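In what follows, chain A forms one complex with chain B and a second complex with chain C.
And now, the complex of A and B:
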C-alpha cells in the first residue's frame, strides 16, 4: 500500500509547479528570467526518471503524502512549502504527520497564556508556533495531524471533516462522532477528539486538524495549564475542552489503522491513487529551500517574538529570613521584548536606585528567563558587599524571573 | 522655453522649489552651456538627469485606489486584523503580503493587487475589518490613463528616463526599479524588460549593468584632451582596464544592544576600573595528554566525558590554596580585601546567545572526576539555555579555555568582583629539548594570566603559575594532594 517513491512525488509536482510570486515570463523573449521556484522545478525535471504509467496515475485527483519525520518544525515547514510552491488546481493534497511531544500554539497566540513554559523545558517538550490561526494543541505520537491542501476556491472545512468521520466510521461503524459548528469533532457528544485550524493565502489554502488516538493526556493537561498570572492581552485565547482518546473507546482505533482508513477515504472521494507517498521533510531536492523555512520556525523571534502585545500585572511575595512582604510588578511586552517595566517594592526594602537600575536593564531585552538571568547576574556583580542587601536583591531577581 | 514649462509642472507639487543659475566653465575658459540647478526640499540635480522629474510626475499623476477586503469564503463577513506587514508610505509590488487577518480559526494572508505606494491603512491591529469595505488606499502609477501628461515633459530632454514612447510601448517599471536605474545612470529604454507586459524588473537592471563595458565613463570633449601619450608613438598602447560598475545594495544596520551583549557591556565597563597586568607562560602537557587518554574510557564507562578542564581547574584550586590572594575580592574603594574561602572557579562558555560564565562550586572539595561531572552538567544546561542564577553567580576565579577554538596567548579581562583570570590557548605539538638535549615532540599549551595590580604583584602570579604548571606537567604530583 505504501511506496517510497520520491521520484514519483516530484514528477507530479512538475507540470503544474507554479510559484506564488510569478511575475509572468514574456513568452517571445529569449532571455527568460525565471523566478527561483520555477527554476527548481526545471531542475527536478532532469533528476526524474519515472515510467509514464506512474505519471498517469497521479495525474488524476490528488496526492496523499506522509512525513517520515517526527520533528514539528520540519513538518510545519512542509506545510508552508506546499502552500507557497505548489499549484493545487485540480490536485488537492492530503498530508499525514505525527510529532514527538510538542505544544503548538496558533499564529496569534501568547505562549505564556497558553502553556507552562518552564514545565515544558524541564520535560524536553518543544514549543512551536504554526502559521494558521486557532488555539493551542498538544502533539505526541498518539496524535495524528491531517492537512488538506486545496485551492482557495475549493477550501471547505466541513467537507474535510465529513471525510474524516466517514473514515472513522469505516473502521468502527458504531462510533458516535459529530462535527460541531466550530469545526471540532466530538466523541459521544462531549469529548473533543479533533481541533481545526486553517490558513488562506492568495491562491491556495490549507485546513489542518488533529485526531486524538492515544495521546498521553496526563502530560497534555499538565502542560496546557498556564501558571502565569495577571496576563492581559488581545491574543487569540484557546477554548479548553474535555478530551478523550479514540483508543479508549475501541482498541482497534490505532494511529496506523486510522491513517490508512483516512487515506483510503480521501482517495475514493477525490478519485485518486490510494498509495501513500512517504516524504522526507529535509530533502532539499524535493523541497528546495525547506530547511531554511524549518530553521525560521525555530527562531526565538518567530516562536516568542510574534506574540501580540501584552502586559503582565501581578504581585509576588518576598519571603526572606526576616520578613514577608509583597512586591507589585508590571511589565509591558511587545514583540517578545520588554517595552516598559515597573517594580513596586515595599518602602526601604531595597534602595530605589537599585530598582531603577533593574528596570532599565530589562527594558529592551527579551522577555525570557535565560536573558534575564544573564542581565541580573551582570547587575549583581555591582553589589556584592552587603550580605543582606545581596540576598534581598537575589530574591527579588529570582521572583521577577518566575513571571517569564 | 521648454524648461520653464517643466518648472510650472513642478510647481504643482507641494515641494518647495528654488532655481539657481549655474554656469559651468570648462578648462579652456569657454562657457560650455548654461545649466539650471534646481533645489527641491532635499536634493539637487541637473537637467540632464530628470529622475526627480519622474518622481514628481508619478506622485502628481498617480491614482489613489481603494483596495477592498475581498471575499474570503464560507460566508465570512468580518475578520480581525492581526498584523500589518506594511505601513503608510511603503512601496509594494503586486502579490506582496500586506497584512494578516484572522477569522474563526482561519489565518488569512492578504496580498496586494497592485504595485504602488501605501497611502492609508483603514484599520489598526485587533480591529475588526469588514469584507467588501476598503482595507488600504494604494497609489499606483496609473500608467494607462495619464499618457498625455507624461509625454509632454520628455520632449525637452534628450535623455529617455521618463515614460517614453519607444516603439509604441511604455517602459514599465516599479518605483524601486526606477531608482536603481537612476542611481546607476541607466536609460530604461535600453533595458530589456522581462516582466509582465515587458515590465522592467530589478534583475533586468542588474543584467544590463553586468553587460556594460566602459560605456559608463562620460566621453570628455575631444578639444580638451592634450594627450602626451600620443607623442611616443613607438610604444604600444595597452588598453587600460575599466572597472565594471559594482552594484552594492547593502545597507548599514543599526540595532539596540540587548540581552547577553548588554550584560557584557555592563560587566566589561566595570572591569575597566581594574588595573590589569598580564603574565604568560608555556606548559608542557605531554604527560597529561597521555594520562587523559588512559582515563577517558574509564570516565566514559561511568557516563562522563573527560576533557582537560577538570585537571586545569583542580590544579588551579591547589595553587589557590597556596596563594589565597588570587581568590579574593576587593571592595569599591580598595579599602578591604576579602579572602574567599570557597574556590568557585568559573569557566567561560560560548553559547549561541553570547558569553556566559557559569562556575563550579567548591573545587577545593571536589575530586577531578566530580569536577568533570559538574562541568558536563553545566555544559548541558548552557547549551539548553537553562543555566540558573546560582550557577552563574558567586564565582571567585575564572578560567577561559579559548584554546578550544584556537589561539596561543590572550589578554583576558577580569570579571569583577574577582581579581584574577586565566586564558588557556590551544594545545599544539611542538619540538622541544628534553634533559638530554634531544629534540622531542611535546604537547605545548600557553596560558595567559591577568590579575588586579592594586593588590596582586607579578611575583605572586608568577609563583602561582609555576605551581599550577608543575601540577600539570607532572600529573602524578597531584596524587600527593589527594584527601
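And now, the complex of A and C:
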C-alpha cells in the first residue's frame, strides 16, 4: 500500500553512488529531470513514486521501506543488510514487514524450550532465529513487524514506541495503550500487543517490534507451548504474556490502516517523505549479497546449532504388550548436536550392548527427530530376528525421539 | 607522593577519554606508560581509572594500575606472559545494562582484528563483540555461562571474556 499521488513519475537511482547530479526520467507522457543529491548516497536501487512537483531527493530525513515478501528469512536478511551496509547518519530508516506463519526465537534462545517444534513441522510453520536478543514470538499476516534503524547514538527504543502509540491513537484516540519499562506495549493495562528486541553493532543499531492486529491466537498459543520436559539450559528465557489483537478492540485497526498511520507518524517526526518504498528482498541489484544472507539464516547450523549448550534429563514410560517399565535418559546437547547420551533402562529389559550401540550412534548426531529416525531405522535393521526384542527396541527408539 | 600519583593518573585518564572519540576503528589506546603503583579503591566495578579520576574515590593508600589497552569500541586487552586477556570497559558494561547472556567463541578459534567473535545480550540489546587483535583464542571465561552478570560486576577482573595468544607483539602495539 503506497500513497498514490497525482502526476507520478518513476525514477531509478543507480547503485554504488556514482556522483551524478542529474538523472534522466521518463514518465511516458512527459520527461523531467530530477536533481539527485550527491550526498548520502545509498547502495540501493529503488523505484520511487514522487510527485512531479518534485521533491529533490527521496530521503531528506529518512526512509520508509516495506517488504513485498512474506518470507521470514528474506525479511531478516533485509535487516542484516541495512544494518551492515547503509549509512544511517541523519537518515534513519523504518522497515515494515509481515510474514507467513513463523515462530521467531531470540538470538540466544533454545527452540526446544520455547516452542513445539514437531507441531510446527506438521503445520508447516517455519522456525527462525533472529540476530537480536529477546524472547520468542509468533508471526503471521495479522502481525506487523516494525524495524527502526538508527546510528548507535540515536538508538532510543522508548522514542520509537511513543511514535507507535501516537500512530495508534491517531486512528483510535480512545485506545488505552502504554509502553512498559520492558518495552512492551500493553492494551488496557494487561494485554501485550507488542514485544521488542534490538541489536547494536559497530556504528548502527536497530530496534524491532511486533504489533498484533489480527493474529491467529489459537495457533499462537499452541505452538508457543513447549512439550519437552527436563531441559536444563542457560539460554535466555521468554516471559510469557497474555496477548490480544487490536482488531478485537476496534475493527478499524487493520494491518493496512496501522502501517499507513505509523508511516505517516514516522514521516512527520523525522520530517521525511511519507511515501512508502516497496522493496523486494531477493533483488541482488538492490541488495548485493542478500540472498546468501537469507540462506545462512535458514541453515540448521544457525537455527538449531546456535542453541546454547543444554541438557535433557527425563524419564520415559516403556509400556509394551509384555511389560511396563521406566527408563531414564540424559542427553547433553552442544551446538545442536548430542555431545553425550546416557540411557538407563531397567536391568535385562534390553541387552546392554544394544543400549551402548544406540548411545554411540547418537553421540555426534544432530539433536533432531529426523536425523534420529534415520539412525534408528538403520539400527533396527540389524535386529530383525527376535520379535519381543525387536518391539522393545522399537519402543525405546520411538520414545527417545519424543525428547527431540 | 600519593598526590603526584593521582595527578598523573588523571592526566592519563583524560587522554583515554579523548582518544576514545577517535574515528579510526580498532585503534588501541595505551594507558599508564609510566608504571605507577596504586591500590584499587573498592567499587562495583573496580576500574582503577574511574576511581582515580573522581576525587571522592581517591584515597591516601596506594592504587594498583594494570597496563591495559583499549579500543575505541570499549573493549580492553591486557598482556601477561604472552597471553592477552580481553574484556569490555566499565563504560561499555554500564551502557549495556544487566547482561543476561554471553556468547563466546570456541577454544582455538582464529580471529582477525575487528572480526565479530561473540555477543553480549543485555536488557538493552544484543551487542556484538569485536576482536581487538588477529590471534587465536586460548581460553574462554566459563564462569560467564552461569553468571553473565560478572561482566557488570567486575568487568576488569572476574568478568573477562576471552584470552588470546600474543604471537606478535607488534599486534598489540599497533
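Just so it is clear, the second predicted complex is superposed on the first by the 348 of 404 C-alpha atoms of A that agree within 3 Å, B and C clash if a C-alpha of one lies under 4 Å from a C-alpha of the other, contacts with A are read in each partner's own complex, and residues count from 1 in each chain.
The definition used in the following text is that a residue touches a chain if its C-beta (ideal position, glycine included) is under 8 Å from a C-beta of that chain, and two chains touch if they have at least 3 such contacts.
What you are looking at is a predicted structure, and each value in this text was computed from that prediction instead of being measured.
Aligning the two structures on chain A places chain B and chain C in clashing positions. Shared-chain residue A:364: touches chain B; no touch with chain C.
Looking at the shared chain after the overlay, A:131 reaches both chain B and chain C. Of the two partners chain B and chain C, it is B that touches the larger number of chain A residues. Contacts of A:199 after superposition: both chain B and chain C are touched.
Of the two partner chains placed around the shared chain by superposition, neither chain B nor chain C is touched by A:328. Of the two partner chains placed by the overlay, only chain B lies in contact with A:380; chain C stays clear of it. By the touch criterion stated above, A:244 is placed in contact with neither chain B nor chain C. With both structures placed on the common chain, the touch criterion links A:169 to neither chain B nor chain C. The clash between chain B and chain C in the overlaid arrangement falls on one stretch of those listed (77-85, 293-301 or 383-391), that is 77-85. Common to the chain B and chain C interfaces on chain A are residues 106-108, 131-133, 155, 197-202, 234, 236, 308-309. Residue ranges on chain B touching chain A, taken from their complex, read 72-74, 82-83, 94-95, 100, 102-109, 111, 125-126, 192-199, 201, 203-204, 207, 256, 258-260, 262-264, 266-267, 270, 329, 331-332, 353-354, 356, 384-389, 392-393, 415-417. The touching residues of chain A, when paired with chain B in their complex, are 20-21, 23-26, 29, 31-33, 106-108, 121, 131-135, 152-153, 155-157, 182-183, 196-202, 234, 236, 308-309, 337, 361, 364-366, 370-371, 373-382, 384-385, 394, 397-398, 401. For chain A in complex with chain C, the residues that touch the partner chain are 106-108, 131-133, 155, 197-202, 205, 207, 234-236, 308-309.
Interface residues of chain C facing chain A in the complex, by the touch rule stated above, are 25, 73, 100-101, 103, 119, 121-122, 124-128, 130, 145-146.
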